[in-house]
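These are the structures, in structure tokens.
Each of the next two complexes has subunit A plus one more chain, namely subunit B in the first and subunit C in the second.
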Partner chain A sequence: MNYLYGILSQYLTPLTSPFFLLGLILSVDIAFRKLNKLTHKVLLPLIFGCGFFLFYIVAGKNAETAKWLGRLNNPLFAVLAVIVVPAIFLPRGKYYKFFLILPLLAIILAVADIISQILASPEKGFHWFLIRPGYLIAAVAGIIVIAQNFLKLDKFRNFTRATVLVVLLFGGFAFRQNYTDYKSMIERRQNTTPDIMNISETTPVMRFDNRLVYIPSAPCRFASDGGYVQGCIMELTQRIHQINFDKVFAGDPSEVSLLAIALAALLSVTVLAYIGARWWCGWICPLSTIGELFNFLRKLIGFSYLKPTKTARITAVTSGVSLGLFSINLAYLYTKIDKEGKFMGCKIPIYPFCKICPGQMVCPVASMADSSYFVLPGMEWLFGFFKVGVVALTGFFVIGFMTSRRIFCRFCPMGMFGGVFNRGAMLAIKKDPRKCNGCGICNEVCPMDINSIQKEMVKTDVSCFDCVYCARCIDNCPQDKCLSLEFAGKRIIESDFTKKMNNG
Partner chain B sequence: MSYISVNKMAIRSILAFLTVFFICANIYAVEKSVLLTVKPVDDTFFDYTEQGADPSMKLNPDQRIVVGLINVPSFEIKNTANTALYDSEGRQIPITIDKSSFYSEFDDSTINSMRISFITDDRTIKKGPFRFEWGDNINSKNTVVDKIPVFTTSKDIYREFTWEEQPQKSDLANYSATLDIIVDDKADTYYLWYLLPMVLIFFMLIIRRLFPA
Partner chain C sequence: MDKQFQDLYKLNQQFSENPGNLKKQRFIEDEQIRFQTDLPYRPSNMTYFENIMYNRDFSSGAKPRVGYFCNMIPQELIYAFGAQPVRLDCGNAAGALIGEEVLCGDICPLAKSSFGAFLNKNSIANSCDILILPTSCDAKRKMGEILNDIKPVFMLNLPPEQNHERFARQTYLEFLRLAEFLRKNLKLKLSGRNLRKYLKLGQQRSLLVREIQKIRTINPRALSMCDFFLIIQSSMFRPVDLEDWIEQTKIACDEIKRFKPPRKSLRTKLVLTGAPIIWPNYKVLNLFEECGADILADTLCTGAQSCFDPVISGEWTNGSILRALANRYVYASACPCFISQNTRINRILELVDETGAEGVVNYSLRLCQLFDIENYRIDQVLKSKKIPYINIRTDYSLEDREQLRVRIEAFLEIF
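Moving on to the complex of A and B:
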């Protein structure tokens, strides 16, 4: 398995570049929009693929360019390009089943890697699942792609969320890269001192080779043992604000490399956001998945949800923006603290937004991290700002999801980053106004309480800033072909009430 | 268009692609190198080194100990054996590596910066620059010590090297060798290149918003 992984890592390196994924999707987009012949639609992405490989090889000859490109590499991009994108675009004919061999192979390789690592382990016993990140992500994508053939949209979304939640939340200890990584994680877990204001000694699984791996939405780095990825966009933004730019401009190699790594991570996450926009919130975000459990609890009890008023919605958005900006400024001020750890007499933690974010309260508890059970910060931290902030926002998170579905997601600064890409990027909700009867079901089923889709009777692109692309509106629309979800020029879901009725 | 003809075309394209790919893939495994410039030490040289008593080693009068820091931006090794030093005539010179100087960008097993020393003589220095190579395919028997000691009582036996300065800036009269450096002195600004694709992405976003398909 080591040999195989080595071969794959060497030969498939260009596929792990975000530029390959972005270029592939853009070429598919052009092919679907501009070209009519199916052969041309297939040929264009293939020509791009060959061209990119040659470019990558030539660029790799230059040491600086190779390192520059290397900081962006991430197995997630390769998996999206090789397994997910073909699953979206390949025609569902009788030959589609041949493609399914690929995700099946990914699952088999992942199982083989786990078994080989167990057999090679110097210590007997259960060490959770030791698996290399590339295999795990490919296997998870493979499971989701195969499951998509058997599940209805609603069930498929929940299945995807649950699968990703397991990896992002429990991945920090359940899916370590190898035995050595696992043992060092166990060693770190011996420290059970509750510590709220410092970064715990946790290491995400996907933090290697001078790279940081972020995904849009909120995969909290405070999940047990560092979680699976480095974190969310807010963690990255705070990290960038703490870089000493005086040293960078003076050419300090360690500070320059920190900035380079952070900018590479920002570019990677921007590519992911451009491709998926706020789809990450609706299908991947562990924080909203946990929130949905509270929503489920509400339904179980039998309470009907409260529709947030326009004032409440605006307040949520403005509070999110204000608190996000304030916290980022605090992160910058952290670099100005004196020897006593204070700035103008106030104690400031290293990642201020994380200290008020409900993610840090919810994710560690949900992932059972012994050392991460939260304790409330004292009043000495910026006059109790963090103590009040964390209680208020965690309360807002729980009560918001329990009473008003996704009102919290309107506040969430991580989600707002994705919202910027909701119009003009790869994903779009399309509407045929001629077929709309204005029934308002799209508004009723929307967890974000978006009513603009119902009201829009002229434009065909009804994507908006708040949409999380859960596709409930499309799934429940009673008019055939009225609403649809487009990805890179291809209609991937459309409302088909007749088919739904016929299938019972 | 039937699926069969599409698949034939696709299979041909994939085969062509794989052929190109496998032919080119081994290009990754190239060694990287930098030319080292040897120059007399200045006062700051002794600031960052550990000082000690007179060396017990016997050096010929024309022999020199060259010490310097390898912190080329592209430098990245996993094992100290993956480095080698050659003189201008291509002969390998044994090097000593300072373990305490190891710098890793992420505290992982990768080394991105380290201090090395080697013994050479004035004649070899005059012949031309040294070539320092690193890469996975290199396997040298290098000596790794906790710290390279420097003996201030024998200052004249020391030389240091640099890969930073351009030859035209050097005062050759004070140098014991002709200097020739092939490195990119703008390497530190490469991080800014990450901003370019980001700008392009936002540009695409704006264009597609303004002119939806």
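Moving on to the complex of A and C:
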């Protein structure tokens, strides 16, 4: 397995670049929109792919460029480019099942990797699943792509969410890279010093710890043993602001490399956001998945949801923006603190927004399974702004999801970052206004309570800032072919009431 | 619940003593029955729908009967209370004459005719226990007040504008009030299970209507529009077991799916829009049938459009379903009583595209100002799109049949 991984990582490096994914999707987009012949449609992405490989090899000769390109590399992009993008764009005909061999292969490789790592481990016993990140992501994507063929949209969304939730929350301890990585995690667990700064893995630390990329929704670092990914966009923003720019300008190499890593991460997360926009909120975000469980509880009890008033909606958005900006400013002030950790007499914690973010309260509780840390690390900071903030926001999270579905997501600054890319980027919700009967079911089933899709009677692009692309409106629309979800010019889902009813 | 009407100046119920008129009503119905029986290519189980529609025994059944007007009243809700909804809009030309005895002469024949049924001792209208009317037009609004003397009446307040964002909650509260009225007057409880059951039955009905419409666009001769209207209206205008109805319609649907036309049809394909056409007033449909044109689709609140939009609820709680009912019955309505007529024009253009129809017919009921006024814009829009268009302005009376025939034949000469 080591040999295979070596070969794969050697020859597939260009695939792990975000630019390859971006270029691939853009070329496919152009091929679908502009070209008519099938051969041309296939040829254009192929030409791009070859060109990119050539470029990558040439650029790799230069040490500085290679270093920058290397910082951006991530298996997530390779998986998206090889497994997910073809699954979206390939025509669903007779021959589609031959493509499914690829995700199946990814799953088999992942299982083989787990088995080989168990056999290779020097100590007998249960070490969870030791698996390399590349294999794990490929396997998860493979499972999701295969499951898509059997599940209806609603079930498929829940399945995706649950699968990703397991990886993001429990991945911190359940899917370590190898035996030494696992041992170091166990070692860190013994460190139970109450000072939050020392809990290196539960708290985001100011160093790059070989984790995967940031993703635009809220994959919380406060899940047990640090979760599986580096963190959310708010964590990254605060990280950049916490870098001491005086030192950077003085040429301190460690600080400069911190900045370089953070900027590379920002670039790759922007690519992900450009591709997925707020889709990450609707399908991936573990915070909203936990929130949906509260929502499910409400449905079980049989309460009808409350529709948030316009005032509540605007308050959520504005307070999200202002709290986010305020916390980023606090993060900047962290670089100005004195020896007692105080600025102008106030104690300022590292990652201030995380101290009030409900994710930091909810995710550790949800992933408590094997975590030996103090459940709620934010509690040490219970004073002033943070004390009120953490209680108010966690209350808002629970009550918001319990009563009126996703009102919390209007507040969420992590989601707002994705929302910037909702219009004009790759994903779009399209509407044929002439087919609309105005029934407003799109508003009724929308967890974000968006009215504009129902109201829009002229334009065809109805995607808006709040939309999380859960596609419930498309699934429930009673007019055939009225609403549709487009990804880079390709129609993925289309409202089809007749088909939905006939399939039971 | 707050009362909508005060019984301060209550009048007693009176019946019209005009046996000749009743005879005339029966004659008009018999004429239509005879016309429809002579149609070619009818599904074999048409008698089931005919038996429902032609039944003249109006004695109340086991279930309490709730009469309602217009397509904005949620049938599913009434079913869920264990009651039988019956739509009371009437299309009998002779009924309009006795309706005039109480209502003034210058209101639409639909209102007069529907009211005439209440003046008739043996009618389905009088067998109802309670009545529900929407405030869709002036005639309905005032008729509700008069009918309140006879039976308990609920007036469903509609928003003047189909602005979902602004009025959705108001409509929902109005529907809650309707549920409260039904509970008080029927002395029955709303059953959540029944509500879900009838929601699903309603969806199946829409699905069937859609399917038949789809078959008819390919093969219009498989089922004549008169029979299609009869099938749809038998599920609303008479007490019917919805499950049976769905089963029979499925059989009929299968049959017309297998229909093979003996030769190529050269009949003109048209889309019908405008005021409601209610059995036995199929005057216009009959004329088009006779003149050699097929109406493929309609936007009529008594035709395929009435069942075309299904009720879809995101969740299965009663509140959510009530909201879904409000959405479908008020916001998906193409009635001209709402401010904007965009929905209807969109629908007409969409149907023309979908069915490949060659022209559009607007049936505008004399004295219904709402449809009359909307007519102008539809005329202009269709003209700009180069779609042939005819406006047939008539009332229930059968006297102008031959004049209309001349007009329709002249219109069909275009194609």
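We adopt the following convention: the second predicted complex is superposed on the first by the 468 of 504 C-alpha atoms of A that agree within 3 Å, B and C clash if a C-alpha of one lies under 4 Å from a C-alpha of the other, contacts with A are read in each partner's own complex, and residues count from 1 in each chain.
The rule is simple: contacts are C-beta pairs under 8 Å (C-beta built on N, C-alpha and C of every residue); 3 or more make two chains touch, one makes a residue touch a chain.
Keep in mind that what you see is a predicted model, and the values were worked out from it rather than measured.
Using the contact criterion defined above for the overlaid structures, shared-chain residue A:434 touches subunit C, although it does not reach subunit B.
The partner that reaches more residues of subunit A, of the two candidates subunit B and subunit C, is B. Using the contact criterion defined above for the overlaid structures, shared-chain residue A:478 touches subunit C, although it does not reach subunit B.
Applying the stated contact rule after C-alpha superposition, one finds that A:38 touches subunit B and leaves subunit C untouched. Looking at the shared chain after the overlay, A:125 reaches neither subunit B nor subunit C. In the overlay built on the shared chain, the residue A:498 is in contact with subunit C alone; subunit B does not reach it. Interface residues of subunit B, counted against subunit A in their complex, comprise 1, 3, 5-7, 9-10, 13-14, 16-17, 20-22, 24-25, 27-30, 32, 71-74, 76, 103, 105-106, 108, 110, 112-113, 184, 187-188, 190-191, 193-195, 197-198, 201, 204-209, 212-213. The touching residues of subunit A, counted against subunit B in their complex, run 10-11, 13, 19, 22, 33, 37-39, 42-43, 46, 49-50, 53-54, 57, 60-61, 63-64, 66-68, 91, 93-95, 207-210, 251, 253-254, 256-261, 263-264, 266-267, 270-271, 274, 420-421, 423-425, 428, 461, 489.
For subunit A in complex with subunit C, the residues that touch the partner chain are 299, 302-305, 307, 433-441, 443-445, 451, 454-455, 457, 472, 476, 478, 497-498, 501-502. By the touch rule above, subunit C contacts subunit A in their complex via residues 162-165, 168-169, 203-204, 206-207, 210-211, 309-310, 312-320, 323-324, 327-328, 331-332, 334, 342-343, 346-347, 349-350.
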